[in-house]
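You will see chain A twice below: alongside chain B first, and alongside chain C after that.
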Partner chain A sequence: MRTYLITNLRAIWGRAYVRVVGANREPSWLFFEVALPLLASFSFALIYRGMGAPEQYVGFVVVSGAMIAFWQNILWSMAAQFYWEKEMGNLELYLMAPISRMSILMGMAVGGLFMTAIRATLILLIGTWVFGVTYQVSSWLLLTGVFVLTMGAVYGLGMLSSSLFMLFGREAWHTANLFQEPVYFATGFYFPVRALGDLGAMLASAIPLTLGLDAIRQLIFSGKPVNPLFTVRTEMLLLVVATIFFNWAALRALRFMENLGKQSGRLTLKGQ
Partner chain B sequence: MINRLSTTYRSLVTSGRLGWAVESNWADPFVFMIYQIVRPLFGAFILVVMFKVVTGQPASAPAFAQVYVGNAMFMLVVQVLFGLGIVIFEDRERFEMLRYIYLAPVGFGVYLTGRGLAKTIATTAGVVFTILAGWLIFGIKYDLGFGDIPYFTAAMLLGIVAILALGVALAAVAMVTSREGFGLSEGVASVFYLLSGAVFTIDILPRWMVSIGHVLPFTYWLEALRRSLLHTPYIGSLSHLSDAQILLRLSWTTAVTVIICWALLSAAEHYAVSSGKLDQRTDH
Partner chain C sequence: MQWSIETRNLRRTFRDRPVRRLFRRAVGTPVPDKVALDSVNVTVRPGELFGLLGPNGAGKTTIIKILSTLLLPSAGEALVDGIDVAKDPDSVRRRVNMVSGGEHSGYGILTVRETIWMFSQFYGVPTKVAKKRADAMIERLNLTESADTKTSKLSTGMRQKMNIIRGFVTDPKILFLDEPTLGLDVGIAREVRAFVSEWISEHPERTVLLTTHYMAEADSMCDRVAIIDQGRVLACDTPANLKRDLAPDCVYQIEVPLWTETISPLDQMPVVRSVAMEHRGDQGRTHLRVILEEEGGIASVTDRLAKRGARVLSMTRLEPSLEDAFLNLVGHGLSSGNGENGAR
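Our next item is the complex of A and B:
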């Protein structure tokens, strides 16, 4: 048991290491992944300015710009990553190794988090400075708790999705694309999710980002009308449930899809 | 001369067919079209909700129609730039065939233009559907008469030339960058989204940004499309220009863009070959 644990910890570190070292060797990613996506957030903030929206809406866009960085990391560098690994010929090596598939995914997550945290922080700082957004944080402790729980649930969702991408062919690229704007819409990245109506918002809350964003907005724009979905404590409770569920489901789904892939011979099928 | 044109045409068609096959033959046409439509449609939904939340007005309000059309049309820029940006990484590191394209008597410019044309055709379906959804779902009133069609077509074609030229230039940059340059296309598209007035009039930007916006082909492209579809100027600082003047400005800014992008392609190709980057692997 101890050997298995140590092997898996080393696998997590090994997979994360590649990403961290890769990022340090090629610092140009800072320009590509920070400066340029920042402009997309600026556009949405300027739309609100152009419409004469209340200032907290501009703040919503800045905070969402930072959170989008995490979602894109999960989508492209974790969920879709098994597809790229299959194409590169690494997937069979992972499957042969005496480690859990979750360790490889966690390694990707940890390595990706390093770059994504820098990207999100810079987007938040620069966006706040450019648009003069002011925050009023009601509880730093709750804010940290909400953020950690949101990441736990969303990365669990990413691992669950990766089990699907493991068997995908060229549709992987298009499917990952498909999880961008529809998710930005459903989770209320740019507006309070209640604008989708009560039923729409309830359905959207199945994506943990919806709950996380809503709770974060309540905590950092305290005293301003943010039209929340639930109270922060309820959202935290739901995030705990989501974290447990998505990580458990990911474990089961990875096993199931791996067996399915073996039976149908799709695990090593490239260029399809 | 005729022989050369014929070869170029054949190369263009072949790379276009290759691009179309890579893009689409993993699914039946119906499923593929759904994939093409969903993303732009939800992009439009986001704007509709933002507008409704802030103004309390329905999406059929004339003020929103300009925003909607600009956003829908701009999807062509985003998708083609993104699609062409990834071509080099895929051909170089996944299919490992960039070296063979270099060896073939095709020329990267023609090859990339052909690949871009395939992406343009695929994205056009999403754009058309989004524009139609504006009319059918959100009640946006377009006013495109028969007399406007030549103007609309000319503007559309010029815009596509500018988009393809820029896409080729970004693909050229990808030749000399690592896989980290993957985000460059989407980032550059964001710059143009901001500076060409896709979803807000550029007049609210700082003066130096407005000046940049005034030399971009996409600013005139979107203005021309809006004028032909809605018959009202959008950008205040261009309202003194007639429709013909807008088209003229679109023509010369497109011509300059094509020249600059072609020069960039030649320089990048030369640098990639001389520094051994044409065949590098950077996926980790």
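Our next item is the complex of A and C:
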């Protein structure tokens, strides 16, 4: 048991190392990972300004821009990465190693976290400075809790989708691309989800990021009208449920897909 | 005795993807399942360097994938170190590793050393140990100069050396090598073969299962060889026994003065299975490669040559090659020549 744990920890670090080193050796990554998303956030902030939207909306965009970096890390650096790994021939080496598949995924996510943290911090700092956003945090403890829970749930969701990438490769890739914008929309990247109407908001909250963002807004702009979805307490409860559910489902799905792949022979088949 | 590797009536079939299968059935041209392995029984002892020799599509890779827990058998069993690959894949994984020819694993951004280290981490090898082992192997395979090069800049040969080290660095009890010298030039193929042979002789309790379609590679490296074609094992023995059992015909090379006629001097002799003539105009000689039906036939051959006025200048008895054995069993040669990258 102990050796198994150590082996898995080594595996996480081994896989994370690739990204950490990559970020150092290819500084151009920084441009694509940081500068471009920064522009996207800022253009929305400017639009809100131009429309004369309430000032906290600009703040929403800045905070969301930082949070979305973490979601992108999970979706592209982890889930979709399984597709590339399969094409390169790494996936079969990972799958035949005596480790949990979760360690490989965790390694990818952890490795990407370094870059993501830089990106999120820069968006937050520059955004705050450029647009003069002011924050009023009601509880740092709750804020940290919400952040951690959101990450846990989003991570589970990412693992769940990686199981699809493992087997369906290219098809899953297209699907993820297809859903990227709608997800930004539904999570209220650009505006409070409430604006989608009650039903729309309910549906969108199935994506854990939506709940997390909404709670963070409430906590970080306390005192200002933020048009919340639920109370912070409810949202945290839902996030706990989401974290447990997605991680559990991901474990099952990974095992199921791997088995299916081993039965059909698609697990090691490339180019599909 | 506990076998290192054992397959019992191992069978593997592949079917079309569901949508296509339904479609083909609907239009009345159903495709039968593709049989990749058909009742394969192979046993490998600990300490053996065992070869699977077969043409393209024979099922070699399929066997390796089943043994390395990446594919499930359709029927039958496969045991690695006594453990069923279908029932307890995790225990199998702790004991094995695999390297394939022409593999493009790893990440271009990492160096050779880093890549080997990274893969060793998935097996929980402590960093210090991994680096020490890697350095020793890097030196042995003459890879030192490229050891700190990014893998995206490696040539095919260097890359394959790195892959080989990746497989050995975890010190597996049982190692699978799927066409490890595929696409390598003579020199590098030889280095890789020597490395594998040395490793197994230095670690006599370890086992290597190697697939190849190079005759000479199987002949020179393997303790035992299974000849496999279209998912079936046709024969399994030491290369020496395979040659003896499967090519009992005697093979001779006879030198005669230049033979200018188109039909050979040994035409239509019942004891002769085949004759190949090779004219050496510059030396004024002709070489005859004669395969006899039975050993006693050589006397009548020399008689006939004397009668036809072809004086025997020299006569050598040749050992049948593994290729003769293979031809005899499979009925056709290997598609891409044999020993072409310089085994022996």
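The rule is short, and it goes like this: the second predicted complex is superposed on the first by the 270 of 272 C-alpha atoms of A that agree within 3 Å, B and C clash if a C-alpha of one lies under 4 Å from a C-alpha of the other, contacts with A are read in each partner's own complex, and residues count from 1 in each chain.
The working rule: a residue touches a chain if its C-beta (ideal position, glycine included) is under 8 Å from a C-beta of that chain, and two chains touch if they have at least 3 such contacts.
Note that the structure is predicted; figures quoted are calculated from it, not measured.
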In the overlay, answer first, second, both or neither for which of chain B and chain C A:89 touches.
-> second
Answer with first, second, both or neither: which of chain B and chain C does A:267 touch in the superposed model?
-> second
Based on the superposed arrangement, let me know which partner A:6 touches: chain B (first), chain C (second), both, or neither?
-> second
So, does A:217 touch the first partner chain B, the second partner chain C, both, or neither?
-> neither
Which partner reaches more residues of chain A (counting touched residues only), chain B or chain C = B
Check the residue A:43 against both partner chains and state whether it touches chain B (first), chain C (second), both, or neither.
-> first
Between chain B (first) and chain C (second), which does A:57 come into contact with in this model arrangement: first, second, both, or neither?
-> first
Have a look at where A:101 lands relative to chain B and chain C in the superposition and call it first, second, both or neither.
-> neither
Which of the two partners, first being chain B and second being chain C, lies in contact with A:35: first, second, both, or neither?
-> first
Overlap of chain C and chain B interfaces on chain A (superposed complexes) = 18, 22, 26, 88
Spell out the residues on chain A that touch chain C in their complex, using ranges where they run on.
-> 3, 6-8, 10-11, 13-15, 17-18, 21-22, 25-26, 88-90, 92-99, 104, 259, 262-265, 267-268
List of chain A residues in touch with chain B within their complex | 18-19, 22, 26, 28-29, 32-33, 35-37, 39-40, 42-44, 46-54, 57, 84, 87-88, 169-171, 174-175, 177-178, 180-182, 184-185, 189-192, 195-196, 271-272
Within the complex, chain A is touched by chain B residues 22, 26-27, 35, 38-40, 42-43, 45-47, 49-55, 67, 94-95, 177-178, 180-184, 186-188, 190-191, 193-194, 198-201, 204-205, 282-284
Chain A partner contacts - residues on chain C that touch it in the complex | 14-15, 65, 68-72, 90, 93-94, 96-98, 100, 103-107, 109-110, 114, 117-125
